[in-house]
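If you scroll down you'll find the structure; I have some questions about it.
Order of writing sets the chain letters: A, B, C and D. Residues in each chain are counted from 1.
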Amino acid sequence: MITRYADKRISRIFSDSAKVKLWQKMELTVLQAMVDLSMLDQEIYSKIETLWRSHSISIKWWKKRDQEIHHDLNAFLDERYRYLPLELHCYVHKNITSFDTEEAPFALSLKKAVAIVDDYCEELKATLIRMALQYRYAIMNGRTHGQEAEMQSFGARVLTWFKDLETAKLALDNAGDNLKYSKLSGAIGKYGSIDPALEKQALLILGLQPYYGSTQIIPRIIYVPLAQALSNMVSVIDKIATDIRLSARSGRPLMQEPFKKKQKGSSAMPHKKNPILLENLEGMAKMATGFASMITSTIKTWEERTIEQSSVERVAWPDLFHVTVRSLSILNKVLSGLRVYPDNMLEEIIQSRGVYASSEAKEFLKEHLTAHGLGNEDVYRIVQLAAFNVFKPTPERMEIRERISSSFSESLELLDKMRDLPQAKIVSLADIIPAARLEVNDDLDIAQTDVDKYNLALKKLFKSEEIRVQWNKLFTPAFLLRNEAVLYREILGVE
Amino acid sequence: MITRYADKRISRIFSDSAKVKLWQKMELTVLQAMVDLSMLDQEIYSKIETLWRSHSISIKWWKKRDQEIHHDLNAFLDERYRYLPLELHCYVHKNITSFDTEEAPFALSLKKAVAIVDDYCEELKATLIRMALQYRYAIMNGRTHGQEAEMQSFGARVLTWFKDLETAKLALDNAGDNLKYSKLSGAIGKYGSIDPALEKQALLILGLQPYYGSTQIIPRIIYVPLAQALSNMVSVIDKIATDIRLSARSGRPLMQEPFKKKQKGSSAMPHKKNPILLENLEGMAKMATGFASMITSTIKTWEERTIEQSSVERVAWPDLFHVTVRSLSILNKVLSGLRVYPDNMLEEIIQSRGVYASSEAKEFLKEHLTAHGLGNEDVYRIVQLAAFNVFKPTPERMEIRERISSSFSESLELLDKMRDLPQAKIVSLADIIPAARLEVNDDLDIAQTDVDKYNLALKKLFKSEEIRVQWNKLFTPAFLLRNEAVLYREILGVE
Amino acid sequence: MITRYADKRISRIFSDSAKVKLWQKMELTVLQAMVDLSMLDQEIYSKIETLWRSHSISIKWWKKRDQEIHHDLNAFLDERYRYLPLELHCYVHKNITSFDTEEAPFALSLKKAVAIVDDYCEELKATLIRMALQYRYAIMNGRTHGQEAEMQSFGARVLTWFKDLETAKLALDNAGDNLKYSKLSGAIGKYGSIDPALEKQALLILGLQPYYGSTQIIPRIIYVPLAQALSNMVSVIDKIATDIRLSARSGRPLMQEPFKKKQKGSSAMPHKKNPILLENLEGMAKMATGFASMITSTIKTWEERTIEQSSVERVAWPDLFHVTVRSLSILNKVLSGLRVYPDNMLEEIIQSRGVYASSEAKEFLKEHLTAHGLGNEDVYRIVQLAAFNVFKPTPERMEIRERISSSFSESLELLDKMRDLPQAKIVSLADIIPAARLEVNDDLDIAQTDVDKYNLALKKLFKSEEIRVQWNKLFTPAFLLRNEAVLYREILGVE
Amino acid sequence: MITRYADKRISRIFSDSAKVKLWQKMELTVLQAMVDLSMLDQEIYSKIETLWRSHSISIKWWKKRDQEIHHDLNAFLDERYRYLPLELHCYVHKNITSFDTEEAPFALSLKKAVAIVDDYCEELKATLIRMALQYRYAIMNGRTHGQEAEMQSFGARVLTWFKDLETAKLALDNAGDNLKYSKLSGAIGKYGSIDPALEKQALLILGLQPYYGSTQIIPRIIYVPLAQALSNMVSVIDKIATDIRLSARSGRPLMQEPFKKKQKGSSAMPHKKNPILLENLEGMAKMATGFASMITSTIKTWEERTIEQSSVERVAWPDLFHVTVRSLSILNKVLSGLRVYPDNMLEEIIQSRGVYASSEAKEFLKEHLTAHGLGNEDVYRIVQLAAFNVFKPTPERMEIRERISSSFSESLELLDKMRDLPQAKIVSLADIIPAARLEVNDDLDIAQTDVDKYNLALKKLFKSEEIRVQWNKLFTPAFLLRNEAVLYREILGVE
């Protein structure tokens, strides 16, 4: 991964020096296991260990040797043999094949990288919990299909983000469980010259257990779900990032990515505050998908192994971890410094003219209008019509809407006209329905006679003071969001 | 493809009956070519043709036979042999292998399907041209990073959509050119028992030419770019659809997908007008990507052929065409009935407070403030600061912004407070800079002394009436969009 | 999915009629739950249920209505309302949104489809177990990198297939666990007008539980791992299929896909017995990957929902299940009728000239040659050289190898010469090393002096009768495969 | 890309220092174009150019600045401003946006990288031509479905590889043509403050032309086909590599990847000569697919731009080029040193017992047996039966085949028995059919009476000496491969 997007700890895990250190650890572990099983004298083990520990591995020598013999594990062994007297050579890498040495270290490396992902994930979850609690009563309109839907608290939206992440995390944990397995079962995995007890003991020392049924390598079906889980997690992060970007669209932004004091949004346009970190997360998700699909494609291999998986894994695993860790940390950074504008949320609610309670209004009317001879379909159409009515532009505005400009000077003229238009009064569903002021709308197929019938029924219904009181309550946050408490209880365990 | 998303003409092209008809055509074409090359008596050809043409192919018989012998082309031949006297059998399918019969029909089917895509594409392009001309002077703010950027006409944005589509179409044409090739070169493509002249002649009759270097089949590298080009085209459509969805977000929608009079947006919320067709196009793009990737994966095959590509092609090609055709037609339908709200575009411009000309303002000041001792960096910061200043909320609003509600009743109270807030006057970059009214802003790292210096320089500069006139011109559509004419000329050839 | 590859039971699960039946079940379940919670009279529930059960759903009417209102769930409700008196309308679909009705049925459909996959998977596993036991002592050479490696039993290779499948199945079970969740939480998932207790009760009736933190729909991160697990399983199947195809390559096939008596391998070449079912499985895997990637791409959506996921799911889920089920059943069919040729396996072993024990030979020599002054590197080179020696062609053959034919008549001549070549004696590692008959080989960088040194050491070593006895034992199945019993014990629990 | 797989020239093209040099070149080009259009004094240009050329760009300073302002292009400009007196600042980057500076350099970098791909591709093509000519008369069996099919020359197979590559290359050229376009059209691509003439002139200087219809950036639909073409090319390479791997399977390898004298095939098994380079190419293809899919996913973006494409392009383009270049060069290396074993090809032909001419045999019999009352179906069955007969094992071998070993000692016994089996005479289709020696076969559904009928007809037919002569000719390379000359002529233009 290029430096710009690389995480240092991930780089370290997958570095050459970390790899060869783990290989040495593995070779020593095998010897240790032999000692444990009385297959080797402790003394020999100690000699080898001491000699190796006192001579650090020369990455340069190793790489040069690899160029010659085209086999990196053998090259590593040659490097290590340099420090052993001839009579000790025969104990090292005895009866085992390259991947017997490499597999357990590989699993351990993945484990370490997953642990780093876990850490970042926990931090992000903590941030999301803080936000959910902080904005528990900050009301905003939910949006489905990009359109304003029912009212919710911003905190409750954050809870859905939290749950998405938690679900992704749970799948990651499940997939990561496979990392407990490894193999030390020889050239084709049938223990041709290795005692299965040795595999068991060596892996035990490393906190692992045998995967019975390996070929020369662990079948990649073991690791693929982990790659997919990481990539899915980044997609969840991209989903959250996209929600914020949608809320941050200028005009009336509900929230914005933090912006540093010296930051420049654009070289051309000094006014810009662009959500570049959040957009970057979409790029990360595209990459994560690509890396995971590379790894997924390694499930199929020929017979007891071929080596096409190796190059893919050298590249795609570290890069997938870099991308995941970066995504978690960037989103955490953005959320931790997120600028939230509750005033704009409120203004959006006001401008939405009561439609945030259209479902409740509909159910309320269903309940009370059947007595007045109106069925479900009628009620649906009443609320729909009212919603169209409240957004109907004034005639002056309608005139501008319907003018198609035929020159830029006309555009300028329209712009000025628009600027001078008197501010139209905001009418809400909450008002127009009890007032029985429905009007025919060209965009809906509802006849005047029906509209009259609806108004008549509404007039009758809303004569009742009690009905009016109940009606008005429908539009209050306390009523609309009364059940969000359940989400806080069930998800966060708070009351 | 499920009926919901299938196109009838595409279904017909890839139907069983169309396929076997083409196979028969191919078998006859080979015989015709043999006649042309004096390898067969015309009379024999005529007998076979007459017998076949007078007995239509029984799909049912064919399928039953296929179940028995597991070879659909052989089963087809058996069906056809039923109508030929024994002595004519030896002329049919002589020396050739199944894919000699199947390849040319396959290419012809793809050609037909591409032709349908072409038709829809032309229709969509025509719609886009109409829109570009209609909205040539309908001004709106461009958006980069979701943030309002410079001003443009809606027509000019449509031109970028048009060009995207045209570029995708050009790539499709390029890829489609490969459909002129086919093969009739026997079991491993080396003309073991076929005269290359026969291949040439038979393909010529069908308007095709030999692809020298086939194996048993045409190498799939020939067709893959076509699948990719189709999928890329659907991605372009999704891009256009997404732009409209972004403009259609409720609050102040700039345009909306057409909505039928009887349509219901939501079963719960009667006020909804959801862009479901446009969102469906995103689904189509995801599918197109999937189908194209299936087809792409067929490039690699073993030696002179294996048959894994066959099942993929039976499913993915028709489905990819269905998805492409649907995408083109749905977008055309949406655009043809698109509701456009120029008044909202104007309002958005007004609310953006002159930032749409921030780049021009910056360049203007660069040009004139150097004389007053200010460099590029200073000018950038002046315009940036002004942009922050014009959007600064009133203290009353700021108070609401900074209150974090701790109960729903407090939320309701804030909502009412917000509703009662007096409408703040809209201040523009156009005004604040000549007035030299820059103020320190907490979000920017610019010191009071600098701000004073900036105001001083501005005051001096804007003393000049001429400067003020020039300055005001910067904010007019006629100035800002003066170069769009070039786009109309270069892209559409109109003045 | 096209009929050719569709599974009838899967088709039924995802059919229109099954879908609307489940929707009705869901609507009734909600009413039932209301009764349970004393929110509705049992009598009303019974009336509705009776009326609905006595009038089956008209798919035709429903589809026509959907064409009109562009909302399939609302169209379904309209169809059902036809049979209810007006006064019962208000109880149906009360307070809930379309996806409150659709989500639980969707989860139930996926569950059913997964159950079918489970069945096929169990059958396939049973077949694999049978094979593993049957071929426990059928010896063959393992292959890594396509090259003959150590000896194994065919049964042990089958065990690795079994474990691959079992691992894929375990991941599927993990992913399927998410299907226990669903939602009934209203238009944006915040229970705007729904009692959370109702959700809990309704889902309980269906054997499900609430997913707290939904938006309008269950977040797709819940379902994506299932799609990936299915696709991964098909990749495992493709891996097994590929292993068989590799073993079935003509010349000396070790096994072959069953071939029906009337089957035709090729229209051109009557001798062909092509592994078309196995190759078809590769096509299935490519499709499964594509369908899973479509579904994976639905994780990201806007805010409280957009609907692009719907079209993808209508197509990709059924097709992914079809492909998975077909893959499992086709592989089971192939394995159940697999033709296995133990004689060819034996011949292959013989022809491999003892290299299947090269690792054991190397370790044996390491152990015994250190005493004779040879190190690891020397021993490695001895065995490598011996392996090169045993495969060295005779001079007559070498002559043919090095002739590059310059005409087809020369090719024919070479072909005849080759046919007349006397059969060369097969020399094995087992013989050449104790005989100390190593020779310099041009392809290896080992000097004559070293070869002499090696031969000398070998001569000394193999003077010992005991050494020779031990050496010969290295090449026996009983020794080489002695540890396979562990695999049978650990994987199948058999001794 | 990790060093192991990186190409140095590709690394250089996409290095930081190359990038900023191109940015400087672009800024100067814009100034130069202004001079050309009399918008700037030559003198000012010269001053700036001289100052910049005499102060090399500090990567370190630039990176540090980028950390501060989070905008790499602005940071670069700041670095460059350091060397200009204040009064020259206003001329630099005037009116243009970051991507006006970045796009043309990006296109130029891609062009350079494509040129490197072209070079490697030409080398590989030259190698393939050499091989096609060298092995023009080296006969081998073609394989379809992994089964031996008709005879061909190895040269002719190489020709199919050559054509695959050439086809991929042609698509790459087509896609690369788009690199002639770039943009310099301001912040949203509408020339807000840029003269379109300046764009044209500046791009002209660089050998480019304007893409009319850009937004802030060139739409990525322009570049995506290039990425796909690169990835497709790597898939073609993987196809060729796989063919070689299949031919290199041990037992009777037809060819082998070159093996260095000091190379070690396996740490455990010294006899191994693994095709690790070829297998590595499969890994490269998997990666190429992944990188291309990342780039493909950038087509869709919001409105006049968002920046998610940037991170993807920073990573995926260089890596895709690395992978492509490596694939081309590795395959070229393997092919240049490929070890080919014509003797094994001949032996394989002999062992295939005449089936390589089964299609010709069938057509020959069709032609001559109709007179004896046998139809197409009969003839097909005759050849099929003959093919089954020639491969029928001896009874002794059949006994071994049908023994299922129940212990390892029994396996050893069978192995010894097999070793002692007398070599069975090879019978060919060429012999058995004229001899009319067809026998009933259990695997085919052909009755004894039919077999008798067939033998009778064959006996009659082959009485004729002339028929026997013609028949024997069918099995000769000169006859079977007579049409390959056409391929050489059409593809390579050689006779």
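Odds and ends about this structure:
Heads up, the rule we're going with is that a contact is a pair of C-beta atoms (placed from the backbone, for glycine too) under 8 Å apart; a residue touches a chain by one contact, two chains touch by 3 or more.
On a predicted model such as this, the values are computed, not experimentally measured, just so you know.
For chain pairs B-D and A-B, the one joined by more C-beta pairs in contact is B-D.
For chain A, the chain with the farthest CA centroid is D.
The centroid of the Cα atoms in chain A and the matching centroid in chain D are 35 Å apart.
One inter-chain figure worth recording: chain A and chain B are separated by 27 Å, centre to centre, where each centre is the mean of the chain's CA atoms.
In chain B, the residues that reach two or more other chains under the touch definition are 95, 97, 143-146, 149-150, 186-187, 245-246, 262, 264-266, 268-269, 274, 276, 279, 289, 293, 297, 306-307, 359, 481. Those residues of chain B whose C-beta lies close enough to touch chain C in the complex are 1-2, 4-5, 68-71, 73-74, 77, 93, 95-98, 101, 186-187, 245, 260, 262-269, 274, 276, 279-284, 286-287, 289-291, 293-294, 297-298, 306-312, 314-316, 319. Of all the residues in chain A, the ones that touch chain C in their complex are 81, 86-87, 89-90, 92, 94-95, 97, 142-146, 149-152, 156-157, 159-160, 162-164, 166-168, 171, 174-175, 178, 186-196, 210-216, 219, 221-222, 224-225, 228-229, 231-232, 235-236, 238-239, 242-243, 246, 285, 289, 293, 296-297, 299-307, 359-360, 363, 366-367, 370, 375-377, 480-481, 483-484, 486-487, 490-491.
The touching residues of chain B, counted against chain A in their complex, run 134-135, 137-139, 143-150, 245-246, 248-252, 259, 261-262, 264-266, 268-276, 279, 341-344, 346-352, 355, 358-359, 362, 380-381, 383-384, 387-388, 393, 397, 400-401, 403-412, 414-415, 418-419, 423, 429, 443-445, 476-478, 481.
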